[in-house]
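One chain, chain A, appears in both complexes that follow, with chain B as partner in the first and chain C in the second.
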Partner chain A sequence: VQRHSQQESHVHYAQLGTDVTLQCGSVDPEATVTWTANTTDLDASHLNGSRLVLHNVDLSQSGQYSCYEGTSWHLKYRVNLKVGTPPKEPVLMCRSNNYPNGFYCSWHLPSPTYMNDTYDITIIHDSKEIACKKDIPAKNRCYIQYHQVFSSKKYRVTLTATNPLGSSSTTISFDEFSIVKPDPPESVVAKPIAHNPRRLQVTWQYPSSWPDPDSFPLKFFLRYRPLIIDQWQHVELSDGTSHIITDAYAGKEYIIQVAAKDNEIGTWSDWSVAVHATPWTEEPKHLTTEAQGTETTTASTSAFMVAPTARPSDPDDAGN
Partner chain B sequence: LNSTDQGTTRHSIQQMYDLTRYLEHQLHTLAASYLNYLGPPFNEPDFDPPRTIGAKAVPSATVDIQEWHSLNDNARLAANYQAYSHLLCHLRTMDGADAAAVPTLHHSLAHFRASLQGLLGSIGGIMAALGYSLPTPEPPPITPKPVPPNFLRKMDDFWLLKELQTWLWRSAKDFNRLRKRVPPSAVMLRLESRRF
Partner chain C sequence: MASTERLPGASQHHEFCRPTLYLLRKMRSDASLLLESYAEKQGLDTNFSLDLIDGVPVAETECWAEISDAERLQDNLKAYWAFEILLEEILEEQRSNLTPADVAFHESIKSVMLQVTALAYQLEELMVILNHNVPAREYEDRRSPGENGSFEKKIRGLKVLQQLAQWTVRSIKDLHQVSKSLQPGTVLCAASCTAQAQEK
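So, the complex of A and B:
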């Protein structure tokens, strides 16, 4: 039977778990019709006259529903059913990793809605609204440039998430200095020091995203431990980007990480990528003479950067 | 400045910077107890009231970022000196009668004021050592005014503490930058010895 399928398509949004009734357009409620779901005929048990009734819909019931007049198989109505949920309260976070240039705000929904969600963000500071430049690659993120610094007034950010089933919003307020959190230090390198079996030299660089180290110097937190021991040792360094560990266990491989913080404000960065190194060790004496002739430094240096096996715990407790 | 004076000045700048950091920590504790003493909503983290008329008289540390970058050492020291001169006057009016009802708070306030007075003196000393003239003290805009209602007075105190915190944060940046720009005396000695 040839089905005439020319018909404008409609959309119907339904909340997950609710009952849905689809009208067959303007057809008489008591007329005889046939409904198909994605070209599969639906049996009469779902029909209430010419209306289609779906109970406790789930995601799999999203799709195209078509209604045909019973005898002529003429398509009378077509609707796209979209099943999902209204947005829950979005999770919003703002952070300045390139202070004092500006800060970014990023957000996500605590659970999926299976719908096209749109977001609207407003930022108020000193009773004025500030523009938040959408971050093209990262959809759920935007950037605010500072024009003034050392402000005692709070920033107030409100984010509203909306989709066809509803909307929800979150508001946070914070002081300029409280959201400063640098990126982790970069280019961390650990090396043994010749003839020093208990020392390791560690060097690192400012995060490249930190724009003005002169005016806004960072202090650093170094943690290190032999692989065979779980307990970290810590040292805080307020100047410079290098440190010599002087109490390393001879011959033991060490794991080393560094975190950064503005000297006065904000919170510690995440830990840097972990690096490994083993202190210098004496050449074993029993080797043959010509081997001894050449001074060899056995330094099992594996000063390479290893992706962290497990993400370092948030170093915020590092500061305690 | 010859190398000895240079060394002394650099040491004084380091001390001024350390005192600023000490004041930051001291204020952090003082502000927490004072706001708890003022009670809700003043001690609530999200409390963000409009600035009252009284609070507008308190010098604000907020500055255009390009302008701040362009300030030279003299201008930075002068801005700090002027700010703390005013802030100290405001701080004196903060010592309300009821604060005496809480002796520990009263004592902390007095101790903080004395330390801040010390910082003001330190800034003045370093300006003189660097050959800068002290800014002419403008009469602070505190004219005897009718005592505002209790809530508004608390709002003034709230904003004063907030501005003090922000100024100390800005000063730490200014003084940290300054101490890097005054070379250690050893460097000066080498420079001088090379000259003869």
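So, the complex of A and C:
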């Protein structure tokens, strides 16, 4: 049977879990028709006259539905059914990782809607609306250039998410200083120092996104621990991009990370990528067999003996 | 905290008048604390919109990076001169009728006042050393006519302290910006800074 399939296609949006009734275009409600879903015939139990009734629809029922006149198999109506959900309240976050140039806002929906969602963002500062330049690669993100800095007036950002099934919005308000959060420090390197079995030299660089290190110097927070111990040791450094750890356990591999913060405002960055290093250790000497026997016994004992250390910095280290 | 050792070569620019930067950081923390205790004692919310209150030097500025060093230091100096007067008014209002018995609170206001005076003095000296014109000091009554009720005095004081806290951040960044145009290694301190540094 040749089906005539020339017909303009319509779209019908339906919320997940609801009942859907599809009309066969302008055909008489009592006429005899056949419905197909993606070319599969649907049995008569779904029909109410010429209308197709689908109960408690789920995502798998999205697709193309076609209605043919019962006897002539002439395509009378075609509709694309899209099943999904209206957007829930979007999660919105604004942050300045390149202060004082500007800040970006990014957002996401807490759960998928299976629909094309569109977003509208408005930013108000000092009773004026400020443009938010869409960030081309990142769909759900836009960038705001600071026109004024050191302002005590709050920023108010409203984001509305919309799709054919509904819309939802979120509003946040913040002041300029509170959203300053640098990116983590970069190029973190940790190296042993020759002839210093208790020392490690750590160096790093400013995050490349931080525009003006001279006028907006960062302070840094270093944390380090031997792999065999869970307790981190911390040291805060008010400037400079290097540090020597002077109380490392001899011969133990260390894991080290660094974070950054503007000296006066905002919050700490996330931790940098972790780096590993082991303090310098004496090369074993080439000895005769007899001496070697004695040496081995001594060496094996010292390997597990924790070298006397300076007063532990944290009270709870005293027990180790 | 672990034991530490500093590598040589801390950024030279930050040597520029380190005592002034320390003073500003102290002021920032004291002014922020004072702002909170002030709001609490006057029963005010720090999120209160204060935009309509004028006569208080506001820290916000446009094209911050393009401001000349001279203008930058002048803006700072004028602001802290104004804060000296405004803090004096706040102290007077608190003593006379808003919190007459709260002597400790008055002391914390006076402490910030002294820091502002010291900072203004240091800024003035820096401008002389850097051969910038020191602006003439103008004494103007900054209060608007309608502002004599208690509530108006309270929220005005809130704006003064809010902006003072903002200014301390701006001033720190301004000083860093000014020091960029100096030769690295130049330790440029007003006489009083050097005196302070030698006392340590």
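The rule is simple: the second predicted complex is superposed on the first by the 285 of 320 C-alpha atoms of A that agree within 3 Å, B and C clash if a C-alpha of one lies under 4 Å from a C-alpha of the other, contacts with A are read in each partner's own complex, and residues count from 1 in each chain.
We take it that contacts are C-beta pairs under 8 Å (C-beta built on N, C-alpha and C of every residue); 3 or more make two chains touch, one makes a residue touch a chain.
On a predicted model such as this, the values are computed, not experimentally measured, just so you know.
K.L.:
So if we stack both complexes on chain A, do chain B and chain C clash, or do they fit?
P.N.:
After superposition on chain A, which the two structures share, chain B runs into chain C.
K.L.:
After the superposition on A, what does A:Pro217 contact: first (chain B), second (chain C), both or neither?
P.N.:
Once the two structures are laid over each other on A, A:Pro217 reaches both partners.
K.L.:
Examine A:Glu264 and indicate which partner it touches, taking first as chain B and second as chain C; both and neither are also allowed.
P.N.:
Both partners, chain B and chain C.
K.L.:
State whether A:Ser242 touches chain B only (first), chain C only (second), both chains, or neither.
P.N.:
second
K.L.:
Just chain B (first), just chain C (second), both, or neither: which does A:His234 touch?
P.N.:
A:His234 contacts chain C only, not chain B.
K.L.:
In the superposed arrangement, which partner chain does A:Ala250 touch: chain B (first), chain C (second), both, or neither?
P.N.:
After superposition on chain A, A:Ala250 lies in contact with neither partner.
K.L.:
Once the shared chain is lined up, is A:Phe177 touching chain B (first), chain C (second), both, or neither of them?
P.N.:
In the superposition, A:Phe177 contacts both chain B and chain C.
K.L.:
Which partner reaches more residues of chain A, chain B or chain C?
P.N.:
C
K.L.:
Per the contact definition in the header, classify A:Arg156: touching chain B only (first), chain C only (second), both, or neither.
P.N.:
first
K.L.:
Taking the contacts chain A makes with chain B in one complex and with chain C in the other, which residues are shared?
P.N.:
100, 127, 147-154, 177, 214-217, 263-265
K.L.:
Tell me, which parts of chain B touch chain A in their complex?
P.N.:
On the chain B side, the touching residues are 21, 24, 46, 48, 50, 60-65, 68-69, 159, 162-163, 165-167, 169-170, 172-173, 176-177, 180.
K.L.:
Quick one: which bits of chain A touch chain C in the complex? Just the residue numbers, please.
P.N.:
100, 126-127, 147-154, 177, 212-217, 224, 233-237, 239-240, 242-247, 263-265, 310, 313-314
K.L.:
Chain A touches which residues of chain C in the complex?
P.N.:
Touching chain A: residues 1-7, 9-11, 13-14, 25, 28, 47, 50-51, 58-62, 64-65, 162-163, 166-170, 172-173, 176-177, 179-180 of chain C.
K.L.:
Touching residues of chain A toward chain B in the complex: what are they?
P.N.:
100, 127, 146-154, 156, 173, 177, 214-217, 263-265
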